[in-house]
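Heads up, the next two complexes both have chain A, just with different partners, chain B and then chain C.
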Partner chain A sequence: MATRKKVLLKVIILGDSSVGKTSLMNQYVNKKFTNQYKATIGADFLTKEVMVDDRIVTMQIWDTAGQERFQSLGVAFYRGADCCVLVFDVTSPGSFKSLDGWRDEFLIQASPSDPDHFPFVVLGNKVDLDNRAVSTKRAQQWCQSKNGLPYFETSAKEAVNVEQAFKTIARNALAQESDVELYNEFPDQIKLDGGSSDNRSSGGDNCAC
Partner chain B sequence: MEETQETDTTTLISDINDIAIQDPVVSKSVTENEPVPSSPEQGSSYEILFDQLKEKNKHIFVLSTAGKPIYTRFGNENQMASLFGLMIALVSVTQDSNDTLQSICCGQTRIVFLNKDPLILVGVSQSSEPYDQIKKQLIYVYNNIISTLTLTQLKKIFHNRTNFDLRRLMSGSERLIDKLITFTENDPGFLLDSISCLQMPSSSRDKITQTILTQCSKIKNLVFGLLIAQKHVISIVRMKKYSLHVSDIHLILNLINSTESFKTAESWTPICLPTFDSSGYMHAHISYLAEDCQACLVLLTIDHNLFFTLSDAKRKITEKMRCNDCLHAINEAIIRQPISLARANITGLRHLLYKNKNRSQHWCPPFTSPYNTDELQQNLMSVYCSLISQINFPGRTLKVIFQQLTAETMLAWATEDVELYMTFEPLVSKECATNAVTKLTQWMKKEEDSLFIFNIPMF
Partner chain C sequence: MDVTKLDEEELSYELRVRGIAAMNDVNEMRSVLRGLLRIEVEGNSLMNTDSTVSVVDVKSEIKTCVKKLQIINAMIDNIQGDRYSEQYRSADAKLCHLMNRVDKLAAVDKRDQNDRSNLLKGILFLMRKMEGMASNTSVIETNNQNQNSGTAGAGTVVLYEKTTTTEMNSTYGSSESTASDEEVGTEYFVQQGVAIKSLSKLLKGSKNHKNAETHYTGLLRIMKYRNAKFIEWKPTEMSIFPDIDEWNIVDTGYKQNGKNKNDRNSIDIKINLATMKSYKMKKHKKHQISILQTNGSLVTFLFESSPISDFVTALKTLLHTEKEIRHHRPTGVILVMGERQDSDPLCQSIKELKIFPDQPPTSTVWSFISGFQNNPVEKTYETFAKISDVLLTRTPDTRPDQEVAELLNRAEEDDEYTMLDHPPPTVLPPRPAVKSRGNPLDQTTFYLSMNEEGRIINEDYIKKIIFHGGCENSIRHEVWKYLLGYYPWNSTREQRINIDRQQKTEYERMKVQWMNMSPDQISRFNKYRDHKNLIDKDVYRTDRTLDFYAGEGNENLVKLHNVLMTYVMYNFDLGYVQGMSDLLSPILMIMNSDEVESFWCFVGFMNRVNTNFELKQTGMKKQLNDLHYLLTTVSPKLENHLKKMDSSNMYFCFRWLLVLFKREFIHSDVMRLWEVLWTDIPCANFHLLICVAILDNEKDTIINENFGLTEILKHVNNLCERIDLDKALTTAYSIYEQLKEAQPSLQDSVNELLGFSISHTETILSIDSNSREDDYEKALSMNYT
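Let's turn to the complex of A and B:
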């Protein structure tokens, strides 16, 4: 069969509470926005299929709780992520300052094999609001200082840049996937040790003998 | 009964229907509050998915500890990516409080979790199957994955890349898992931890075994030889000090019976036998004896350079068997009507399962009236399953169970050497049933030579 291999990417969204993580995800997956704020407790999961360079990619998006008291999923959350999306609110300098912390937290918990080149994407959300407090330049500088992370200014409310941002997220995660080594070498030959190990010895339970 | 089985484990029994596949909207998130209102599109696609899932009685899911889908018995695992996320969340939350999530019950639905880092297996059954049974099915599925990859490889892969999408290495083996699950649902060998033997006179069997042994005993690093006819074993030979575990034989049987191409060419395939040694591959020479004899010979070695030696041995075995009439004896045994329970002539006895515990072999006579449909046979298997589970419950020494059900009367009888599960007509008395045990035991003494393999020689 000539079908391309299936690809599934685990994408984690991190950032302070109320920066708009859930809203971004909802805008992206469901094309919907609500002004109502509800804290995410634990986690929420959404799935979206996208085409990236004519490959069908399934994005498994893990929306996390920004509020510390609702963060209860621990290491499992970060383990095996293909991409991490860091979100801040351009009207909240505090949420921007927290990015360092979120990034470190991710790198510690997920311990990716190549932390310097792990695909992060940074989103400055809520650019539709007037009371902006973090300039584009400041955000870009921070991204530059971290090995040039891609940066997008988004509005979940007005659907600005959301699609583009997620496309980059998928593409960058895929780029990591493609250089995976193949595991086709045979492992060591089994050694016959005269049946000394328990499960090989004769006369044990359920041996057809 | 089923509930008490779980008292000695740290099972989390929960009534929260939220987690069951009953409320599609809530179950995709672990939020306690209502989730942010999702759009009709997302909501309805989940509803369709969950409706489809609910139609099936039994689900098996495999995922990595990162929450990435690896296998689902039904449906497309990509579309269920959120559901897999939810599963890992449930496992992880319990793990964080230093506990292990083993099962969730909600009404008739039972969800069983098996954590085999770096894999997690989840079984969902809507037909009140015992916990142990579902767990054993999960172990079988896990073993099947190990048999294609080895545990060493599996651990290495996820150690190097926790985000690895294991489906990349599994393509092609999903079919084997599908078949294996069906096997675990239908085959008494799975319930009884035993194999079924092709019925034939013991003199013929001995001659076959001797022929295989003569060729095999001289080959260095050959560990096991098996001759198989469909679901039944004809003969086993083995290297001194090593024996084949029943669950490994089940994997071999499943591989052979699920792979049509073995019939057309001799094959050389690596296979890991998880109970024998999960760290590495055995190498199996698999071939059917001859065009005119559809028994499959499996020769297992640790040496991956042994193909031509084994190919040669197989050719000689077939030649010899043709000369000494063994091929003929096998063909006769394959086409012969399996021995009928009617021959035992026991009043009121409809069906039975007989397990020789020392040999881990069983006999299951063909179903006869009134068990004429798949559904009725399946129901009877569920009754057996429940009895087997009760007789073998760890720490309990239950020897006899007499059970009068609406459609049949059941008797389970366990001794040191034998487990016997008998199905009678509904109104059969206790006395009548116990008399039948004596009668059957005497009859079995005469027949067992042809029903079981007693001679498994070593070299």
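Let's turn to the complex of A and C:
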């Protein structure tokens, strides 16, 4: 515990085509916006070092293609994710409706060990536009129904809420990371019951708890 | 099994097999199951856990199991802690559950059985993988487990094998005895109601029989007697098939045994797998498979429907096969390269584990399975213990073998895409120096190559110039129409005027279809709306940095949109997929914003690459796999590194391949590159060699910096607009020449990819190239004359 390892947080951004995944990532990492981004093909990522509660962590933010059929190849990159960012476009009800699908897809593909508590953060992007079609309340309700996911309304174009959202993403990802470390650091504690009756095989659970 | 790690569905399954009705409370379910398990371990269970559960739908149960297997696989990959970690224990519990579940699968038909055995194999693989992790932490505990192990008697082996056979016969309602008066063999495949089409021997006689033929249906089996394996067919009844088109073509040229109509017994067929030369499948009203033997005899079986895939699967598990390639394309003929040594997949994996060192493989498999059948709990203990024994003393091989890898990555259904084995590295001759890039095709040369009618007289010559130097921009507008198949090379000026007129009408017709769609209509046309939305979004962000597409309200964006929308109507099954706008953009520029010409050239381009955009991505997977294969041959050192870094999936080349380097080069280079590829010189897969050339150039960086998948992806993405196109092209060509020189020693699959002829078939099959479909039949008929 004396020396802290350098922490790498892997963050995956998912959401329908053209909801602003690439723009959000670039706004956060490079503080830039252009409407000349091309549709993402394959996958790419950017990294950024940030301070989270006195710790320096490196965020590796993965941007993926939005069209569903390309997801099968993205799986290789989902592995070991610490946080998943679900993005929709507040002017597109369809992209909001897809959130369920993206969440399920991620849980299946990345299969985190504790799906119920895996950190997701939801971003409603493009709030700078006038033709809003998904209300804040509706989005919040959805987030509430999924164990209270954090929700932010952002504009990658005008850098609204982007910094705050990613701060939460980093913090939640780090919390997830530390949970894992906890097990690594105290194996003996668990070994006690493991040693007396071996839990390796089928039907072998003799523990009466 | 740690019941706290099972989810609701899994718990209710475990309870259901123990005869307990579903409960609502997960905690209650856990506590009941825990109690039951304890009783079972103590051997006091009154419950019969052996009975197979009445699963309503075996297929969906298999699907569930495959899904679970995939989930567990991913879980294992994510395990960060040791064997006491939550993650490890979850995966472990789920794996135990899955094993019991697969064990209880009442697989009836061959396909299900095959799935089931692959599932078991997958489970074994995952067990090894987990044990590999566990072995890092503790060695002592395995002793406890060993004490629990029991042995399954040899008697059960026979019993189980017998049951399978009986089951099979009753399932298929075999009307005649299958093995009563024969020696007993092992059955690999059985199917009732398979018809036989023709039975040819090298006989001289009548050539034509164009009328309706008599066919026989019967029982088709693949059997093993002692050491040889046979395809066997016995007739059960006689039936007349109406004349089916193409049969005439198929049958013309080889002879029918005139006697077989009267003498039914004489047409029992037995084909030794060792004498199989090749086979070919066809789907024409009925599924059929023609098998050619080394002695020249040909047998064609007709299947009612899907079982043909089971039959082929069975063959593939028993034989090493390769697709035959001629004129750079697969002919559909599957060449048999030899028998596999030990065919049973389950057998293989267990043999690999060396759990049962001294027994013959077959009996070990059956005792293993019957062990599961009779006493799942104990057998599981035993297997885990044995596996840990093996794995603690040797380094686990964490690469899944072919079937398992396929199962783990399997999409909905298996397709033709199969992972190829790694060939042994071939030592290649040095890369020859090749001609440096030449001058582009200029206007004078191009127009001088036409005769007075306007036909291009020397197509190959023109293509060669384009291959070496591209095209001058001023004539691209004309030349691309030939390269993309809008104009035939030998068309006259007059014919081209006709083509222009016809294709304009045709384009307008399709364009009107979507333009006339009312909002009301669209509101009930989901798929169309999805394509439209995506096009609207992508058009707006395609090459906006180029002057041609820059600025608000640019007319060219409208044209881009129109052509893509019309393509949706032209090919609705494929529709619009991201990446297509990238492919169209340069074409529209070159065609000076002419929608009609752009559309048809785009169609021509899409015809070359449409498999890139398939829903299941099989085309992309195949290309990535092929690329890996080429890299293995050309740059084994790099391939080794990729393998070590778990990156042999080549995903970092996805963007290169999907839009043919559109995103990797500046605009003018993209056009030069595409022209080269459209010539099909020197071979159809030249773009893969360009990938190899670029990667080969980066190999030192990748290896020396010890890049993993993430770093390689970053590195490759960062190459964008920094690759020297001329160098990449000359290197790729040089690699082509290098491989060509080494051709005799190359793997057939490499030869196939690069269109090098495979000697023994080329000699017979070099007749006519126009109708590839019929070549096989022609070649066959030649065998009989």
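Please note the rule applied: the second predicted complex is superposed on the first by the 169 of 209 C-alpha atoms of A that agree within 3 Å, B and C clash if a C-alpha of one lies under 4 Å from a C-alpha of the other, contacts with A are read in each partner's own complex, and residues count from 1 in each chain.
One rule holds in what follows: a residue touches a chain if its C-beta (ideal position, glycine included) is under 8 Å from a C-beta of that chain, and two chains touch if they have at least 3 such contacts.
None of these values were measured; they are calculated from a predicted model.
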Query raised in the report: In the superposed arrangement, does A:T58 touch chain B (first), chain C (second), both or neither?
Result: first
Report task. Could you say whether A:R79 touches chain B, chain C, both of them, or neither, answering first, second, both or neither? Result -> both
Query raised in the report: Once the shared chain is lined up, is A:A175 touching chain B (first), chain C (second), both, or neither of them?
Result: neither
Report task. Using the superposition on chain A described above, determine whether A:Q36 touches chain B (first), chain C (second), both, or neither. Result -> both
Query raised in the report: Which partner does A:I108 reach: the first (chain B), the second (chain C), both, or neither?
Result: second
Report summary line: The chain contacting more residues of chain A, comparing chain B with chain C, is B
Requested in this report: Please work out whether A:D44 is in contact with chain B alone, chain C alone, both, or neither, and reply first, second, both or neither.
Outcome: both
Query raised in the report: Should A:N26 be classified as contacting the first partner (chain B), the second (chain C), both, or neither?
Result: first
Query raised in the report: Where does A:L129 make contact in the superposed view: on chain B (first), on chain C (second), on both, or on neither?
Result: neither
Query raised in the report: Both chain B and chain C touch chain A; at which residues?
Result: 36, 38-39, 41-45, 60, 72-73, 76-77, 79-80, 110, 113, 180, 183, 187, 190-191, 194-195, 199-204, 206-208
Report task. Could you please specify the touching residues of chain B with respect to chain A in the complex? Result -> 28-39, 41-42, 64-69, 78-86, 88-89, 91-93, 95-96, 150, 152-153, 156-157, 160-165, 167-169, 171, 193-195, 221, 223, 233, 236, 238-239, 241-247, 249, 270, 275-277, 279-282, 302-304, 359-361, 453, 456
**Report entry** chain A-facing residues of chain C, complex
**Finding:** 1-3, 34, 37-38, 40-41, 67, 71, 74-75, 77-87, 89-90, 92, 96, 99-100, 137, 141, 144-145, 148, 376-377, 380-381, 384-385, 388, 411, 533-534, 537-538, 541-545, 577-579, 581-582, 613-617, 620, 649, 651-652, 654-655, 658-659, 663, 709-710, 713-714, 717
Query raised in the report: Tell me, which parts of chain A touch chain C in their complex?
Result: 17-18, 35-39, 41-45, 60, 65-67, 69-70, 72-73, 76-77, 79-80, 94, 108-114, 180, 183-184, 187, 190-191, 194-195, 198-208
Report summary line: chain A residues touching chain B in their complex are 5-8, 10, 22-23, 26, 29-32, 34, 36, 38-47, 49, 58, 60, 62, 72-77, 79-82, 110, 113, 177, 180-181, 183, 186-192, 194-195, 197, 199-204, 206-209
